[in-house]
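Naming follows writing order (A, B, C and D), and every chain is counted from residue 1.
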Amino acid sequence: MIAVDKLCYRSKLRYVNAGEKFTYSMLTLLFCIVSRSFVLSGAVLMVNTTLTVGKGGIPLRRYISLMAVPSAFLILSTLAIIVNISKIPLDGYALPVGTFFITGSKASVLFGLRLIVTALAAVSCLYFLSLNTTMTDIMSVLGGLRCPKIVLELMLLIYRYIFVLMETASAMLVSQKARLGNKDLKTSLRSFGRMGSGLLIRAFQRSGTLYDAMESRCYDGRIRVLEEQHPAKPSEIALIISYELVLLAYTVWRGVA
Amino acid sequence: MAESEQVSEDIIIEAREVRYSYEEGGQPSLDGVSLKIERGKKVAFMGANGSGKSTFFLCCNGIYRPDSGTVLVAGQPIDYSRKGLMAVRRSVGLVFQDPDNQLFSASVYQEISFGPMNLGIPEDEVRREIERVMDYLEITPFRERPAHALSGGQKKQVTIADVLVMHPDVIILDEPASALDAKHTKLMNQIVDKLAKEGITILMATHDIDYALEWADEIVLMHEGKVLLQADPVTVCESREALAMTNQEEPAVLKLFRRLVERGVLEEGLRPPVSFGQLERYIAEGR
Amino acid sequence: MAESEQVSEDIIIEAREVRYSYEEGGQPSLDGVSLKIERGKKVAFMGANGSGKSTFFLCCNGIYRPDSGTVLVAGQPIDYSRKGLMAVRRSVGLVFQDPDNQLFSASVYQEISFGPMNLGIPEDEVRREIERVMDYLEITPFRERPAHALSGGQKKQVTIADVLVMHPDVIILDEPASALDAKHTKLMNQIVDKLAKEGITILMATHDIDYALEWADEIVLMHEGKVLLQADPVTVCESREALAMTNQEEPAVLKLFRRLVERGVLEEGLRPPVSFGQLERYIAEGR
Amino acid sequence: MSKKEKILLKASIAFALLFAVTPAVNAMHIMEGYLPPSYCVTWGVICIPFLAAGFISLKKRLEENRKSITLIAMAGAFIFVISSLKIPSVTGSCSHMTGTGLGAILFGPSAVSILGIIVLLFQAVLLAHGGLTTLGANTFSMAVAGPLLSFGIYKICSRLKVNRKVSVFLAACLGDIFTYCVTSIQLALAYPSESGGVAASAVKFLGVFAPTQLPLAVIEGILTVVIVIGLESY
């Protein structure tokens, strides 16, 4: 139902220690946005693609289509950055429109391109995490990072019930469709809205039964659960540290230069 | 040539090599389904969960569009334009297994009016139709209650009303008796019989082989996205290999009949009984 | 006096005039339920939806507190203090009808660990127990999958594991086979038999009277918040008035048996059969 | 309308066409890696008081009634689902509700801040809508600013006895537009224009997103009305 979620359970890197994967992706992400360099971002993009597609076994076509998810935002925002409307043409390009120019400087075009590469590299870090780590594992890492317990418990329940409600919602939409509920825009909007209220009512009904079910297993206001453990491997840790050190060195060197 | 055309006029639903996967390149949910359903028949669809019954049903009224192959309704390939779909969905009504996934309105009345209102039928007529269908399906006693406060069986009645009010040629029921109590199972069976008598073609998914044997004109046995067997109930229920493949038990009545024949209590060559009443006569008379 | 005390030691669950309404002053859901369940028995609860089965189950482990009357577990009235409830809930495990209302975690492992962790059992031991129960209930092949990717039958297996891992004395199953296909119904029945063999008392709500007749040691027939009849399956199934009142059909095997006796094919005075196998022997031998 | 604005309008129509061919539209979540580190941190810090307030009210609610944990979780799952489903749209492109107004009206702005950050985290990880480094900025626009405005409008309207449908519509629609304005300003602050600075940049961002966001805001308003009114009939 949710492509990323489905794929991550099949990833060959799924059982690599979640803490390792989390640290790796977060540090790499950090260096990407701090350094904003073509070289570093390009390298990160390549390494992450290799890891996720090559090692993790996520099909390349799926990976590319997932990478395209934020493309609308990326294109529009970057255009907004590199396109100016001014009376004076800038040094990058300039299209005269009446007495004005649609124009941009070389520096800003370069800046925009760098931003695109940086953002894509950053997205690849996010995907490395989410395509190879299950949400349950990510939550247990957050638990280790002292995320408040109530928030974690809510996350645990929300994650589970996203799928239950999603199934109900799509079934309701199908059943509306089967009764011509998508005849025109007006009908579609009304159908969608009514599905929304029906769904919420159903969700609230479920919440009561769920609580009873938890109580009947001795729930006392605190969700305590165990995870399966996948211990970190020293060799992997060493590899991650050296990789991140290289990124750090490059970032510092560029900052100084 | 002329003959085949004549026959096809009586075929209300036909599938030709229908293939469908939920994910591109994923495991096919329907893996080349071909079958023909004659108008006015009562057809039971059997097979394990995940064998493709529900997916096939959703192809029958154009909710899913096959990756390849064709579905024909009343001899015409489904036209997937907006207008074409409207026509198909009007003619093929779908009742879902879990009423909670079908009912979304606050009131029973509102719920039933949804379909006909979308058909653009004048309000007066819709009102009349709703009254008629509520009466017909014995919904009137609880019509004032909010939909979420109904019992499972009552919800089921409403889901059928939802569809029936649109005057479909075909009604597809996905496990209508699952999770119902004895009273509502009986009522549901009565309703289904009533519909069948009016000449509506009924496709029903069920796990209850005893019921299918007695009720159906034909059983379609599905297995891993394919039609394993389509035949009259007795033939299907006697194909023990096919049943074993789909993890289906032999119907109790046939099993007892077979054992009695094996033991020599009943003669060989008798027509297999579809109900215990029939078996009882055999035993009483064959004594 | 001494005798009644001795007997009561074998009574694992007892209800005395239990009354419960969901709304204060509203229609009572339980209207004076009194019954005794002996330790180690397999008890089927039957009756229409809304007859009070599920409400009664929720009273058995203290989720609902009766408005009046008493529920006793292992001879002790339920103590509704925090500590008392923990003890009762440990001893009486509840498996809900819809697994989506019971499974709160996406991970099967987390889900099963919930109960024992609440009991304060040391982590190592919990882990060992989880492995044991996963193996016992054949969950291991799909243990790595998230709850939302499990089939209905698999979810059901996990809900039973949830409860079994706490080593309950009683397991209450609310319609365990509803909406399952043939394969999973069979598996569920096997699991239930396995549990019963270990001496766990099993209370099961079911609408399948044929199954109840064959499986149960005792049937409790509920009607409008009361116990209409509690007796061995044959007695209940032969009480045609009680069955009619609760809209229950007579089991197919008993109906055929009765008809054959009436027609004189079988002698009178035979012990009513609970399975077709038994009936078959009667017919073959009585020939 | 000045000439500059006219050109801007034309340009944005051109962008919109380009936009119509892109597969998924989740334009109002700032994507992963798009903000400089200092802005990521700043927006995160700005959210803290709101999140803390939400956290405290949540905790209080749970202490009063433990049973509300599953209820609140269902509300969170509901917001996620309703905002991740494709909604019917005019252009045929696929777009989503933000759910900010709906959440604020149904559950109040304080609960929505915590639920909002959880939902945004799930959206980032599971759908790549938004990102982890931009979580702070997105939380501010979608889980704090938008819901607060929606809730304010809703309260003011009900005090002024405005028709319910109208007040729900205004709350959701304006909440959505406000979210989009805040996001544009967040982007403009990080990327001021070479000619004209932050203000000019904000106009540009508002311009490029307007063709999709304005119709979407209207649709969001309509859907929220249908849902809220629908709930009242239960």
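We adopt the following convention: contacts are C-beta pairs under 8 Å (C-beta built on N, C-alpha and C of every residue); 3 or more make two chains touch, one makes a residue touch a chain.
In this text, all values refer to a predicted model and were calculated from it rather than measured experimentally.
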| item | value |
| --- | --- |
| Which of A-D and A-C has more C-beta contact pairs | A-D |
| Centre-to-centre distance between subunit C and subunit A (centres being mean Cα positions), rounded to whole Å | 45 |
| Inter-centroid spacing, subunit D versus subunit A (mean Cα positions, whole Å) | 17 |
| Between subunit D and subunit C, distance of the C-alpha-averaged centres to the nearest whole Å | 49 |
| Whole-Å gap separating subunit B and subunit C, where each centre is the average of the chain's CA atoms | 31 |
| Per-residue multi-chain contacts in subunit B, two or more chains | 98, 106, 148 |
| Residues of subunit A touching at least two other chains | 5, 135, 157, 159, 164, 167, 194, 197-199, 201, 206, 210, 214 |
| Subunit D, residues touching no fewer than two other chains | 230, 234 |
| Pairwise touch network: line, ring, star, complete, or other | other |
| Pairwise chain contacts under the document criterion | A-B, A-C, A-D, B-C, B-D |
| Subunit B to subunit A touching residues, read off their complex | 25, 58, 61, 63, 82, 86, 89-90, 93-94, 96, 98, 100-106, 114-115, 118-119, 148, 162-163, 166 |
| Complex contact set, residues of subunit A against subunit B | 59, 167-168, 171-172, 174-181, 183, 187, 194-195, 197-199, 201-202, 205 |
| Parts of subunit B lying in touch with subunit D, wherever the complex brings them together | 106-107, 110, 146, 148 |
| Complex contacts: residues of subunit C adjacent to subunit B | 47-50, 97, 151-153, 175, 178-186, 207, 209-210, 246-249, 252-253, 255-256, 259-260, 263, 265, 276, 279-280, 283-284, 287 |
| Complex contacts: residues of subunit D adjacent to subunit B | 230, 233-234 |
